[in-house]
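Structure first, then comments.
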Amino acid sequence: MLDAGFFAAWVEEAARSVLAGKDRLTRLDTAIGDGDHGTNLDRGLTAAVQALADHRPATPGALLVLVGGTLIRRVGGASGPLYGTAFREAGKALGEEPEVSPGALAGALEAAVDGVRSLGSAAEGDKTMVDALAPAVRALAQAVREGRDVREALDAAAAAARGGAEATVPMQARKGRASYLGPRSVGHEDPGAASAALLVEALRTVAARW
Amino acid sequence: MLDAGFFAAWVEEAARSVLAGKDRLTRLDTAIGDGDHGTNLDRGLTAAVQALADHRPATPGALLVLVGGTLIRRVGGASGPLYGTAFREAGKALGEEPEVSPGALAGALEAAVDGVRSLGSAAEGDKTMVDALAPAVRALAQAVREGRDVREALDAAAAAARGGAEATVPMQARKGRASYLGPRSVGHEDPGAASAALLVEALRTVAARW
Amino acid sequence: MKKLINDPGTVVPDALRGLAAAHPRLRVDLENRIVLRASGPRPGKVGLVSGGGSGHEPLHGGFVGYGMLDAACPGEVFTSPVPDQVVQASTAVDGGAGVLHVVKNYTGDVLNFRMAAELCAEEGVEVASVLVDDDVAVRDSLHTAGRRGTGATLFVEKVAGALAETGAPLAEVTRVAREVVGRSRSFGVALSACTVPAAGGPSFDLGETEAEFGVGIHGEPGRSREAVRDARGLVSVALDAICADMPVSGDVLVLLNGMGATPLIELHIAFAEVVDQLAGRGARVARSLVGNYVTSLDMQGFSVTICRLTEELTRLWDAPVETPALRWGR
Amino acid sequence: MKKLINDPGTVVPDALRGLAAAHPRLRVDLENRIVLRASGPRPGKVGLVSGGGSGHEPLHGGFVGYGMLDAACPGEVFTSPVPDQVVQASTAVDGGAGVLHVVKNYTGDVLNFRMAAELCAEEGVEVASVLVDDDVAVRDSLHTAGRRGTGATLFVEKVAGALAETGAPLAEVTRVAREVVGRSRSFGVALSACTVPAAGGPSFDLGETEAEFGVGIHGEPGRSREAVRDARGLVSVALDAICADMPVSGDVLVLLNGMGATPLIELHIAFAEVVDQLAGRGARVARSLVGNYVTSLDMQGFSVTICRLTEELTRLWDAPVETPALRWGR
């Protein structure tokens, strides 16, 4: 059911959603960073959509690896390697299967978060994308373990991602550019957490209509 | 009657009046010039007052020559050489007489304006200090010819200077920095004409209480 | 936002075209966004590659040339370059003696250069890296991203570049680069924010009497917002912060750096203060540089970078350099 | 007004202290406000003296050194120097071959330099003058103050300075200086006003979408206020104005000059446009300079200066120069 087409649709939906949220992401990054996160991610996802239009890999795994590589090649900044690694690790975890089970999806996203964590060495609570990604992946895995269907499971993941992003507001940043602000980073939502929530929400949106 | 003390008092009164009007002169110069006329003249007259405090020449002529030289040495810009020349020419015209008659005063100020005109080659109507100085000197000479006393004559000169300065408002500048603006110089009072009116008014003020 | 640009989306490629046209001794690879010496790599010479987000000009492209960098990789505005740029630059400048990456300590720069270094190794290019983290406004800690790299980057590029030019091996060039980092500290003050073209508005709002203390070079707010002071007072805040972190005495090299929109006449005023105040603290400004070198787009403000000199560092600083933005001795 | 200064009244002396500290090869006479080469006059070499109001840095003090000026006389901000400064500078640099005064065409500069020249003659120093009036935004006329001197001043100082260095006589140096003036034209655009420290506020107010076309370098309003355009459009306005006044073809020297607060990345974008658009008009940018060289305090904007090259001018432009702000060839 979750074939390459599904993941391509996810990437397209994510690109749409990031484009729509671009100014908000940039505003968040202006407050505690350098004001480029919206532009960065938009540039990367636009390139990823283009890459998939040029050549659509047959398997979900290969597709996500291609998307990750494209992000690494086109985004730059902190979020480029981090998101790029996330997609690549997810893709590698999926191997060469033509279709993905809910359990395999949860496992792939766990691999994605592990990749982000090991590359950026941020833990939850450091006020980064990890604060949205980690709870989302936990919620997904939990829902799958409880036997819920993929739509319900992704609803839970999206809600957890959004909640995780919002939970970054009171945090003091310890990683990324916002950490330079020390206590002044408190009171703002982390832009990477906000974009991570958009990506998980896009997954839920695509699943809902699949 | 008009001895060196009188002319020293004039320079002091002029310095006071230019200090009080400094911001206005600078504002006028900001509109159609480069925003330094108030500072320039204030610096020069402050130096002139200081020079007279250090060494007060015995004759009006020598005193005005000293003031003119001080302006040339300390002001810079267009107004430094022009006002400096004006004072120097006036002083030279007075020769070594210890006291100055109204007629000699009128003659000295005519020499002053001639000096400005020949150095800057501005004619009346070019929107410069000449537009305040020339009518003032004409009014002074006329009043003296009519036998009026020096106070009345300087009242007339001061009124003519002020009128001349105001008459620069509708003019299009042909000399000095304001000329760069072409038609956009219309509608503003010329800063040098405004300061020239202050100088003549200071002369009137000092005469009134002499 | 009023800017002398064609389109917020094409700022970097448009500027690179201008850089190329202005400097025939550079070879600007517009497609891959790499700035190289037109003369190409010299066999046996360590290659020096740096890069980072654009918006800090003349850093880094303006420092490519004899005695300094072999290549620069400009990213988008305030966005570190991608690994491909760094790999291609490193491959292009490798003269067989390996390549040193000069990396400013920002998560994005660190990650992209790290990925690039891994790819370089796969392609058989030996790479070492030096991380520049001189900004004392950021409290250093093992648990955070650490200090930013700012003005000291110029010192590292100049000094390491001079040593590389002598044919020194990669380990030596790396050693001296690290030594410069260890002996250098910076502090920045902003009188106004900058405007990222794609963001369209100022990165923060400062009142008519406020200054941001401890700013970096990406328009991020600083360590604190305080009442603005005169040049003397602002310089003293910067020197206090630097000297609290690193005892400063003896001969020092100073960069009095403008943030991009502060005129030279003001930088000279601040520099005179630095010289006087350092003398009062027992240090002598033996070498210096005053100007807009490590900028933050159109930000008004300045930073001070101090490097405690050694005889070797002084000699390497004085060595000939011939780049668009720095040139002496030949 | 926020500025990196100590006091609006001490801007010039404070900045001169910084200039002196930053450049050991200059001798800055703080009392008389003269910037000289530390090496002193060279017997038999024509001395080059320039000067003008401060606020245009690096002009002129930054151009004192081998191959360019022998002395600069900085006045107060936007106020031409006084005759004494010029006389003392001229006497100090006279190596017996006479002195050339490079004067920008402003009433104040003209009058003060003229008085100085008269005093120099009385003291037995032979003086010639060249008047720079390159700004096509001002309509030239016998009955007005004529055109302003702006960017071409740098060309005159460089080219005449190079010829003077060869030992050429005063008449020759004067001839080539006049030739540069005759072959050079400029046009400037402001995106924001500047703030004179002593005035305390901006010299004019521009809306968020307005630009001043045809501005000089003293914060005066320009020829017209119009809707701002992209870099391409602004450059085309400038080139139209220049080419309408002086047919431009063949090899040209271009100064793409920042007004003081425009970052280098934007100047490079504008310069790329200049190169392309001049090519479209049949001219080739054979030599160029991009940066903040003839500034107007903290004004945002740029100017373009074009000089139609000859073989001699190209050779003199390429000749070695070693000053704080311009250096090549040695």
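Labels for the chains are A, B, C and D, by order of writing; each one numbers its residues from 1.
Keep in mind that, in the parts below, a residue touches a chain if its C-beta (ideal position, glycine included) is under 8 Å from a C-beta of that chain, and two chains touch if they have at least 3 such contacts.
Fair warning: this is a prediction, and the values are worked out from it, not measured in the lab.
Note on connectivity: the fewest steps through touching chains from subunit B to subunit C is 2. Note: the chain lying farthest from subunit A is B, by mean C-alpha position. The distance from the centre of subunit A to the centre of subunit B, with each centre set as the mean of the Cα atoms, comes to 75 Å.
Centre-to-centre separation between subunit B and subunit D, using Cα means, comes to 32 Å. Here the spacing of subunit A and subunit D, counted between their Cα centres, is 54 Å. Listed by chain label, the pairs that touch are A-C, B-D, C-D. Across the complex, subunit A is touched by residues 53, 75-84, 106-108, 111-112, 115, 137-139, 143-145, 148, 196, 198-199, 201, 203-204, 216, 218-221, 223-224 of subunit C.
Interface residues of subunit B facing subunit D in the complex, by the touch rule stated above, are 26-27, 30, 32-36, 39-40, 43, 72-82, 119-120, 174-177, 179-182, 184.
On subunit D, the positions that touch subunit C within their shared complex are 1-7, 11, 14-19, 21-22, 54-55, 57-58, 62, 191-192, 208-209, 211, 228, 230-232, 234, 256, 260-273, 275, 285, 288-290, 292, 295, 297-298, 300-302, 327-328, 330.
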